[in-house]
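Chain nomenclature is as follows: A, B, C and D, assigned in order of appearance, with residue numbering initiated at 1 for each chain independently.
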Amino acid sequence: MAHLFDFEKPIVEMIQKISDLQKFSEEKGIDLSQQIATLEKKVASLKTEIYGSLEPWQKVQIARHPERPNFYDYAPLLFEDFIELKGDRLFADDRSVAGGIALFHGTVVTVIAQVKGKGTKENIKRNFGMPHPEGYRKAVRLMDQAEKFGRPILTFIDTPGAACDLAAEERGQGEAIARCLQAMAGYHVPVISTVIGEGGSGGALALGVGNVILMLENSFYSVIAPESCASILWKDTTKAKEAAAALKFTAQDLLRLGVADEIVREPQGGAHNNLHQTAEELSQVIAKYLVRLREETPEALREKRYQKLRAIGVFEEAATINLEKGLD
Amino acid sequence: MAHLFDFEKPIVEMIQKISDLQKFSEEKGIDLSQQIATLEKKVASLKTEIYGSLEPWQKVQIARHPERPNFYDYAPLLFEDFIELKGDRLFADDRSVAGGIALFHGTVVTVIAQVKGKGTKENIKRNFGMPHPEGYRKAVRLMDQAEKFGRPILTFIDTPGAACDLAAEERGQGEAIARCLQAMAGYHVPVISTVIGEGGSGGALALGVGNVILMLENSFYSVIAPESCASILWKDTTKAKEAAAALKFTAQDLLRLGVADEIVREPQGGAHNNLHQTAEELSQVIAKYLVRLREETPEALREKRYQKLRAIGVFEEAATINLEKGLD
Amino acid sequence: MFKDIFRKTKYVTIQAAPIQKRSPSEDGQQKPLIIKKKELPDGLWVKCPKCGEVLFTKNLDENARVCTACEYHFRITARARLGLLVDENSFEEWDAEMLTQDPMEFPGYPDKLVVAQEKSGLLEGVLTGQAKIEGVPVVLAFNEGNFMMGSMGSVVGEKIVRAIERAIELRLPVVIFSTSGGARMQEGILSLYQMAKTSAALGRLAEHHLLYISVLTDPTFGGVTASYASLGDIQIAEPNALIGFTGPRVIKQTMKQELPKGAQTAEFNQEHGLIDLIVGRVQMRSALARLLRYHQEGAKYGASV
Amino acid sequence: MFKDIFRKTKYVTIQAAPIQKRSPSEDGQQKPLIIKKKELPDGLWVKCPKCGEVLFTKNLDENARVCTACEYHFRITARARLGLLVDENSFEEWDAEMLTQDPMEFPGYPDKLVVAQEKSGLLEGVLTGQAKIEGVPVVLAFNEGNFMMGSMGSVVGEKIVRAIERAIELRLPVVIFSTSGGARMQEGILSLYQMAKTSAALGRLAEHHLLYISVLTDPTFGGVTASYASLGDIQIAEPNALIGFTGPRVIKQTMKQELPKGAQTAEFNQEHGLIDLIVGRVQMRSALARLLRYHQEGAKYGASV
């Protein structure tokens, strides 16, 4: 456990204790197997307790874990083949967005994913997973081809947000995201969007206009970063924890709000503890929805996606209270 | 006559002589009206002779005349209203390409034009009429809107060629021109392309995929600049005159080759001698074709444009010689 | 002109339920909604923040609140814009009674809404409806900058989408005036998805070959820039309006990058290919009228305007 | 592998009328068309221009003429590419007998054509037809760099357009390998319009939802870059291939601008968003086969590959 969270310390301490007992037992030749078994049970129940009741801010930390699997980790496990295609044909190839054609459970699909780097060097190359306009324009270009050739689209969301620098402003970050939203809403092919890590505001949403929206168990998807929210609300970025709770952005919140369709289970402690298991869960859930969506006609796919968007929002009119699905 | 061509000198000399005679006649009180009338007739016939038999290289000089009217000179005379619309929505607004919506003979049209500057300062701003990729992308954006709203498209060609610098290469000059060609070929609205000055190779062609291709009398439209051609053929850029003759790029040549549909008359000596008259001719000819094209169905407009392109080219197959229309 | 029309449309009667406070800490303490009549600036003069010229309020109002010395555009309300723009008595407001809830039970949101309603004289941050501009029928929406900085929550998104959907039914063009700080944090993910919802609705409008003009006014940022404000067939901006995705303060904080002078102005955006036309507020009505007229269905080729 | 397949397809028999010299200065002197068999390089070894390695011709040929030390891609002919790519005996050539005329009576053109025919062993600068790649049927075109630098005149344009039109009839994907200096000056405006003609034909292919893969090889410039070579659904380049609109010499001459090292390479173009994939010649066949297979009509969603 290279990167340890505070809330994981009790678990680690107990594991250390077990290890000490085992060492002691071996050295002294004393049978402590019963005591050790008891402690191991305790570890298991502690894990269930801690990981089963993570607070939003703890989930943020897991979602941002430096070793959390990124798209390139999942790709070889999810796809029988993946051919990465590059460039927006206009200005550059944005390395914070990967796109291409893949074979998924025997079906040819178009894949678009945001990619954070691992380590500083790769993070600089990928702009910490924050796409510039050319990233969104590459996405639209490739998704347009999916529409042209009738391929389902799978998107994977993992970004702190869209790039927020002068270059992004100069090349029309707002326009690029808006076009992406509009394009995704119009396709006649199945679109499945999965938040695999951070879903940071408009920059994440740009890939989030799916017929189905899935979220990994410890991912979050928010209108604003908790730190920025704290800064606005309380002029205090250290109150990010409180902001995280207020924003209701966990997978569980979004399922309840009717935005997310299903939560993809992660191994105890987070996806970084078992990449293969996470990929397998992810693969099964996406495949399940893909099979369902493939039953739909192209027009129905488009219309239902529109209606799904259309229903997001809570308001009242005169005395009538409009309660959208999923909201209690 | 600020800018005087060599071939115009005999005319100017004779006009000077007339002026001298008039002065002499007035000073001395001698009636020379008959001699002056004779000389004036001579001037007229000299003009007809010289301007009626201009060599290709002389036409190039007229087409490149620093005072030759550009699109912005014609616009207020051609259109009852012109609203310029800017930008490619991606990178920049290219000032060597003007575009917008105009009222032409009571019809709303979309207008796209290449614009050279007048004088050094404006020429730098307009990159000497050489568009960068953003110019072509602006053109496609605006022409796509013409298609969306069912407006005829009028293009005006006047460029030494597309921009040929590192920036143009970086942003995909080839792609930008190719997309422009492909887009124009696909529209269901009438497209009329007019060469008003220089039609310099691919950069000019990008706006030249019309149902109708018109050329001002002293314009030219060439696969390569005569200087560059001379440099390749004879390693000698001063042989541009010979190259100009070899390239067969005058309005008259293109009419004969079946590429141009009609030649728009210019005032004697060139458009710069009478802007209003040129604009009036231009207006009448474009209006004539627009009326004709508006009779066609959208599908026919597109199909006939394709067939027009399809027929350009001269080749033989086995023994059969393929003679395309317009070629004798 | 400005003042007269402003007066005509200023005192709107809003008959709708007040926002219900749902925060448990304030249970029972329902504060009634008070729609204050917004007064015209009561001073006789105001100082232009750009050129420093001292302007008589009367002259400023008569010039659409554009500085008569330097053309600085003072910010104005949604209703003031409406008054400047549409033919007399032609405006029919839509969905005026739609009210925000507090689905996230977000700290302080109900209070903020009440303050915003008092400050703006509107129940929510957008005004939508149908009107005529120089006789041409059009569907209109105006963000209200005084309502939580024109931020987009569920009501703003829903009202805009409904306006667009009605425009499709009526086969009318749409003009939206944006002024916004972005998505409304207090409605969380629901607010974020209003970006997708409005963009999708505009996609449908486009498929029906109906015109959409986006008019960007000072300031337009964030989720609004990244949705409906950037999707116009024609993009118009008011002179000097600040327009961008990320605000200059955030860019400075997060990227340690000082923006060059003039960055994110309307003019900067136009140079970068994002704006078709920069139109002064005084000329806006006639500019829109021309554009609308040239896009009327009868104006398609084959017909004359 | 390379050598064997190359041999199989090398000795093509061309039965067509030779180019007719039309230049009045050479009246009567009709030079018969001689199609010389292109010999394999007769030396036993060749030096790599990039890394300087001395390579045995046999090894170089067996490696698709890619340097075994540094992967430098030597230029190869259209027929050699064909041999490397398609299933044995699957190629059916189209329009092989189409001949160029001299519509402009351009100085020296007929002579140049004869030289080009002798040098390339082809009647014109492009080879088109239908074949199979790993069993997948496809329409193919290859520019021939030895034919007047792969320039596009009437015949090149016409053959490419016919190939695309036949692909539409047959509902087949199209792959074009480009190598070209650009439009063919000697055919003037007719040559220029081949850019529009080929681009328009590809537009029709796209409307039929058929795949077009453009493979850019060293060098691709000018009118070919500004037409069919840039219009691929998928853009592939060979490593280090020079690709651009204006050649570096002309940029230097006209703009007094020295291009930075690495400008206009395949890698430069990919960084600038213009190329999807850089694929070595040895891997080209299998890469194309995968892409073609994934775009077969049966591969649409609902079906498996």
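The rule is short, and it goes like this: a contact is a pair of C-beta atoms (placed from the backbone, for glycine too) under 8 Å apart; a residue touches a chain by one contact, two chains touch by 3 or more.
Owing to the predicted nature of the structure, the values given are computational and were not obtained by experimental measurement.
J.: Comparing the two chain pairs, does B-C have more C-beta contacts than A-C, or is it the other way round?
T.: When B-C is set beside A-C, the one with more contacts is A-C.
J.: Which chain has its C-alpha centre farthest away from the C-alpha centre of chain A?
T.: The most remote chain is B.
J.: Return the distance between the CA-based centres of chain B and chain D, expressed in whole Å.
T.: Chain B and chain D have C-alpha centres separated by 33 Å.
J.: Starting from the mean Cα coordinates of chain A and chain D, work out the distance between those two points in Å.
T.: 44
J.: Can you list the residues of chain B that touch 2 or more other chains?
T.: 89-91, 171-172, 175
J.: Could you pull out the residues of chain C that touch at least 2 other chains?
T.: 272-274
J.: Select the category (line, ring, star, complete, other) that matches the graph of chains linked by touching.
T.: Contact pattern: none of line, ring, star or complete.
J.: What are the touching chain pairs in this one?
T.: After working through each pair, the chains in contact turn out to be A-B, A-C, A-D, B-C, B-D.
J.: What part of chain D is in contact with chain B in the complex they form?
T.: 16-17, 95, 97-101, 103-104, 106-108, 154-155, 157-158, 161, 182-185, 187-197, 199-200, 202-204, 207, 222-223, 225-231, 244-246, 250-251, 254-255, 257, 259-260, 263-264, 272-274
J.: Please output the residues of chain B touching chain D within their complex, sorted ascending.
T.: Chain B reaches chain D through residues 162, 164-166, 168-175, 177-179, 181-186, 201-202, 205-206, 208-209, 221-224, 228-229, 232-233, 246-249, 253-254, 257, 259, 306, 309-310, 312-319, 321, 327.
J.: What does chain A use to touch chain D in their complex?
T.: The touching residues are 81, 83-93, 101, 103, 106-109, 134, 138, 145, 148-152, 189-190, 294.
J.: Could you list, by residue number, the parts of chain D that touch chain A in their complex?
T.: 206, 209, 211, 233-235, 270-277, 287, 290-291, 294-295, 299-305
J.: Which residues of chain A touch chain B in their complex?
T.: Per the touch definition, chain A meets chain B at residues 89-91, 133, 137, 171-172, 175.
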